[in-house]
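I have a structure here, written as structure tokens, and I will follow up with some questions on it.
Per-chain numbering from 1; labels A, B, C, D and E assigned in written order.
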Amino acid sequence: MTESATLLILILLTSLGAAPVIFALPESAARLRTAINLTMATIKVALVGWLALEVGQGARHGLSFAILPGLEFRLQADPLAILFIALSAVLWLITTIYSVGYLERGPHRARFFGFFSLCVGATVGVALAGNLFTFLVFYELLTLATYPLVIHRGTAEALRAGRIYLIYTLAGGLVLLLGTLGLWVLAGTTDFVAGGIMADVAAAQPLAAQALFVVLILALGVKAALVPLHRWLPIAMVAPAPVSALLHAVAVVKAGAFGIIRVVFEVFGIETVRELGLTMPLAALAAVTILYGSVRAMTQDDIKKRLAYSTVSQVSYITLGVALAGPVAAVGALAHLIHQGLMKITMFMAAGNLAEALGVKRVSQMDGVGRALPGTMLAFSLAALAMIGLPPLAGFVSKWYLAQGGLAVGQDWVIPLLLGSSLLNALYFLPMLHRAWFRDAPEAEAPRPRIGWMLAAPPLVTAALVLAAGLMANAPFSPLEWTRFIVELEYRE
Amino acid sequence: MTGPDWLTLSIILPLFGAVAAFILPRAAAGLGLTTVAATTLCVLMMADQVAALGAVTVPLGGWGAPLGIELRADGLSVAMLALTGMVGLLVSVSAIDAFAGDRTARQRQYFWPLWLLLLSGLNGVYLGTDLFNLYVMIEIIALAAVGLTVLGGTREALRAGLDYVYASILGALLFLLGVGLIYLQLGRLDFAGVIAAPPSAAMTAALAVMFVGLALKTALFPLHVWLPAAHANAAAPASALLSGLVVKGALYIVLRLAGYMPALTEDILTLIGLMGAGAVIWGGIQALRAERLKLLVAWSTVAQIGLIFVALARAGERGLSDSWKAAALLILAHGIAKAAMFLAAGRIKDEIGHDRIRDLDRSPIRPTLAQVTFALAAISLIGLPPSLGFIGKWQLMEGAMMAGYWHWVAITMIGTLFSVAYFSRVLAGFLRFDRVRGGPLAEHHGWSGADAAPLILASAAVLLGLAAGPIIAFIDLGAGGAMP
Amino acid sequence: MTAIISMVLIGAGTLFFLAGTIGLLRFPDLHCQLHALTKADGLGLTLIGLGAALLAGSAGDVARIALICAFAALSGATCGHLIARHARRGNSEARDV
Amino acid sequence: MSDALLLFDLLLALAVVAIAAAALLVRDAFAMIVLFVVFGLLSALAWVRLAAPDVALAEAAIGTGLTGALLLKTLHHLRARGMAGWQPGAVAQRPVPRAVAWLNAGLALAVMAGLGVAILGSPLRVTGLEIAVAEAMPLSGVENPVTAVLLNFRAYDTLMEVVVLLSAVIVVWQIERGAGPAPAPSLGPVWQGFARLTLPAAALVGVYVLWAGAEAPGGAFQGGAMLAAIGLMMLLTGLYRPHPDHRGLARLLFVLGTVAFAATALLVAGGGRASFEYPPSYAKTLILLIEALVTISIAVTLTALFHGREPVALKGDLRHDP
Amino acid sequence: MTPDLIYGAAGLAVFGIGLWGAIALQDRMRRLLGLKLCSVGAGFVLIVGAWREPPAAPDPMPHALVITGIVVMLSATAAALALIRRLHDLEDADDRP
């Protein structure tokens, strides 16, 4: 089981190890810092690729050492972990390029990149966690690493947002600690085992098991931005663009969703959850979040807030897929984990470019933006259409599987829900596209602002990935293929 | 054995160091540091002796337990000695820098003899098994600690020092009265005698008086009034020693007695827990209202000590045989983290010039290394993973949950929330840049060699959580019934 | 026989101490009080010393008692002198004594 | 005959408790100190009645004599500087509200009552360690059991006690420094004559008490206290004026006792003997050697504690120490 | 009614009075005196523990402990008094303009 732990440690070290080095670098050593960042990111992508290959062939790397009698700090690389690491590694590389360009002359860059790589390290840790205890360790580390990034600008408003963010996420962390302790007391172990460990406990004390499930979902729901606990996400948009791009669209939010997947599949086991009658409430909560998120998104004039609310609703697709408790729905959920990440990061980077180059922050100011920044807006439009669910693109694939999953399990109401939410998506994305392309810029033809390649290229690359994920869905190493591989493993036990 | 054993050496060596530092004031710093290093070496040698043989007992003067005094090193005592050695060494390194200027020549001259006497007293407490001997050791610690408190020479420090003297003398005398009453009952004063004692009303009364004395010395909630002023007004290395190590001596004795007290019934434990809970809440409230950084850190000591007593009472009487381990872990975690935090606070005050929390974000100079140390120490004190504090709280809550005492779990959660609240007041001050006045922002300006020691301590506090397994295994060595 | 004589001597000595104390309480000003104390107590002490010497066993004890009486008388006188000298110098603090 | 002594005991006990209360309650500070000294002497007498001569000697010399001298010196210091006619009420601290005062009194009373009940309920006169001490006496090298316990059986305790004294002088020197208050006035010829006669005699008695400690009540602490009394006398009357150059010697004398004791403790260890275990044949000589050095240390330390400050010439201090 | 009962009670009473003094009184030197009374009270308890019926010799162990206690209490008192003097100087220096 623990063939070679060195690979895992190396992956972790590329970001956790790099952070202190970056912190120590003086502010002026910008070139050296960028070099370190980029090399580390590329090494990580390569390592993750190699790990994915090995795991593909059935190898299971792992590492664990006992902290307390019976309590282990365990890392394990199962296919589900690989899915999430691949996403964060690739996107970290792209976002590093983007943020180097974005923060050209800004202050405190050493601190920014230090915490940036700490965050990704934590995200990788969250993915690799072999039991709920290790998951909790990296979950809290993620909170601590993201707080300084949210308040990076250091203004009073940023600090207020930071305080709200901290209250929500640390409270979530505390509740997760309580949940982990409850699990440890009830089941004697907190390990993630395909098929779950709570089967017998649920049979013995159904009430305690239900309570534990609610506590865990509540704790993870904070980061997965389920409805009552989502308020921190739009407020945290005060952070600079790369932070909202990578962290609030990919790392932090996905960590919550990933946690829910782990809890439902590998702590409780899908059958136990169904027996405890908890699948329906979870699905309902997800549905409410999807609709609520979309409705709120429509009313937002600020671009980043609109994208934030859209993230709130999109992440709940994953929770919905998990709650539908069917293999096909699970594939849809996991695929959406990847697709939504790719789509949302493109849009956030595009929004960043608009703010950086044209000073456009609000939807009402987006008239004629398409001509000013053709490349960026092309990527934005592509991602928006994919998000709405246009057939050949990635969004459609995951929604299709979710619908199939719902039907397979007899939850017919899923179809109207998905259609409705797609309609809502259209309602808040299409006006933006319309303003960008079919309205001409209000004042005279402004000189075409030049933004460096570092800002222009990344959205295009991610948009291409979105396209690829949609078109070549059945290619050997496409996200969809990999999720089928995971779900097949998950349901074999 | 060819020469004096490690146990006596670890007590007498700092004594010789103190004498040398007192006689040769100019060479005090060098002598002091070498002595602390040598003592830590002694402790390490003792540690592997204990690891090999289990508990090691040295009958001083060759007279055996009831008549003479015995030194005993088991897992817990060596763990505390290691804590004192490690924290002491790093505080000493930081003190060399803190008192380097000529303005602080007098403080430099007197810091070392007092600190080494304190070290000798602490090592004596951790190795002693005779109740009266513990009383004498407590007095040495008290006197040296008062000396360190008033090292600054300011009026507030002296007034706090005076209150501290009264509290510690009264505590010691209550302890002495308890020792007297126990001698009246048993006719012997060593731990073995106390264990074997049949529970009786007089025995409970004696142990109760001793506990009140010790509660006064550890500043447990209703008797905590003297601590915040004393720790806040002392010089940085001194307050690190006071908060990090001095309080631990009395806590260790409480731990030892709690292990053997036949009379520690359920309701006494609940009372202790309630006092601890009071400390957690009151300490938290006061820390939120504290104006100055060091006062906030001092109030957080009051809260953390309360939590340690809650850990002792977490699983009631049945769980006591296991609760003391959770308390011991919390003591170790708090010792390391609090010493690092006080050193960091001292560094920040030196760099910025003041330690008013409200104006932390106004200064252009940002000693980021010291601020990072403060943040790391805060992580361990709040109890976030992977710090040792987290493992301590984990054990506390786990024990309480197993025994069904949910109120202690709630108290720990409230304590954690309070600590998050008052530490984020400070961290927000570090990370805010829009109200900077007087000169350009200098991010790397405040860095200096003096930050190394606190940073090592703070990162040790955070990373030691991963090594909790071996630590707990070590604490278990020689403990339990084997105690003579 | 010697027991009766020593009892008488010690009784007389105690009486002198009593007189000295009454003198201390009754006399109006400092000098009279000093007078009463030093004289009466000195004599009282010597008588008690004599009585105790009779009861004492070895010569060593007698020598010790003699030394005690001598030094007590000497220090009594000196203290009386110092207090008087202090008072005579009209030092403001004298009145508080 | 024995009930007469019982009557005496009762009276003495009542006197002790009454004077203790009076000492705390009397308004004038000087009267408080005088009452305290009387209380100390009476409790020493009580301890003689309880067949504890060594302790009575120590209490009279150190507990009452020296503490009384320290209190008087502090009172003089406070009065000389500002608080004339200093009454407790006059002190700036806010008076304690009556309810709290009674609460405290009630608390103290309750604690004592609880203890008293618990003690009376338990068997008294449990056989302590006297048998163990008696058996080990021949090996201890001295005849007086208390000195045997102090310097052989629990030598480690006594070493640490000397360390406490050393740390006290370090703390005192660290707190106060610079020239002392106005030098004491000269006390005239009568005093010089008296001093010339008694001080050497007192020194002789001190050494005798130290030497006698091996067989009869006495020993290092009592002898040290007497020699310290000589030191006090010389300080008070200006026969010796502390000078900054003497600091080096003073520090050496302070640490002399501790170093001797600790060094012996370590040197005897080894060859199957634990530390502090004197070889029986050399026990008496070692004990007396240690006692002598400790006595010197104690005498100098107690005198320095009375002087109360490190005799260093502060640059800013006009009244340089003469 | 044996001496040790009488003095035991007296000792506890003195400790109580000292405890009250140390807690309740506001003035610095009185609180210190209260602590010294506690120390003597504790000494009484130990000495009473050592007393045996007259023909038998008392237990020497508590005697040694009380001697140590007295010296320790003196050290603490000396330190506290030095603090009081120094604090008084500082407060005095501040009050005087």
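Note that in this section a contact is a pair of C-beta atoms (placed from the backbone, for glycine too) under 8 Å apart; a residue touches a chain by one contact, two chains touch by 3 or more.
Just so we're clear, the structure is a prediction, and the values are computed from it rather than from any experiment.
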item: Mutual neighbours - chains that touch subunit C and subunit E alike; value: D
item: Identity of the chain that, by mean CA position, is farthest from subunit E; value: A
item: Central chain of the complex, centres being mean CA coordinates; value: B
item: Centroid comparison with subunit B (C-alpha atoms), farthest chain; value: C
item: Interface ranked first by C-beta contact pairs; value: D-E
item: Distance between the centres, which are taken as Cα means, of subunit B and subunit A, whole angstrom; value: 43
item: Inter-chain centre distance, subunit A versus subunit E - centres from mean C-alpha coordinates, in Å; value: 69
item: Gap in Å, rounded to a whole number, between the CA centres of subunit E and subunit D; value: 11
item: Geometric centre distance via CA averages, subunit D-subunit A, whole Å; value: 73
item: Where subunit C touches two or more other chains at once, by residue number; value: none
item: Residue numbers of subunit A (touch at least two other chains); value: none
item: For subunit B, residues contacting two or more additional chains; value: 132, 136, 139, 143, 146-147, 150, 158, 177, 181, 183-184, 187
item: Chain-to-chain touches, reported pairwise for every pair that qualifies; value: A-B, B-D, B-E, C-D, D-E
item: Parts of subunit E lying in touch with subunit D, wherever the complex brings them together; value: 1, 3-10, 12-21, 23-27, 29-30, 33-34, 36-37, 39-40, 43-44, 47-54, 57-68, 70-79, 81-86, 88-89, 92, 95-96
item: Subunit B - residues contacting subunit D, complex; value: 1-5, 8-9, 12, 15-16, 19, 22-23, 58-63, 66-69, 106, 110, 113-114, 117, 120, 124, 130, 132-133, 136-137, 139-140, 143-144, 146-147, 150-151, 158, 177, 181, 183-188, 200-202, 204-206, 209
item: Parts of subunit B lying in touch with subunit E, wherever the complex brings them together; value: 132, 135-136, 139, 142-143, 146-147, 150, 155, 158-159, 161-162, 165-166, 169-170, 172-173, 176-177, 179-181, 183-184, 187
item: Touch list for subunit C against partner subunit D, complex; value: 71, 74-75, 78, 81-82, 85, 93, 96-97
item: Interface residues, subunit D side, partner subunit B - complex; value: 111, 114-115, 117-119, 121-122, 124, 126-129, 132-133, 136, 152-157, 160-161, 163-164, 166-168, 170-171, 173-175, 177, 248, 251-252, 254-255, 258-259, 262, 265-266, 269-270, 272-278
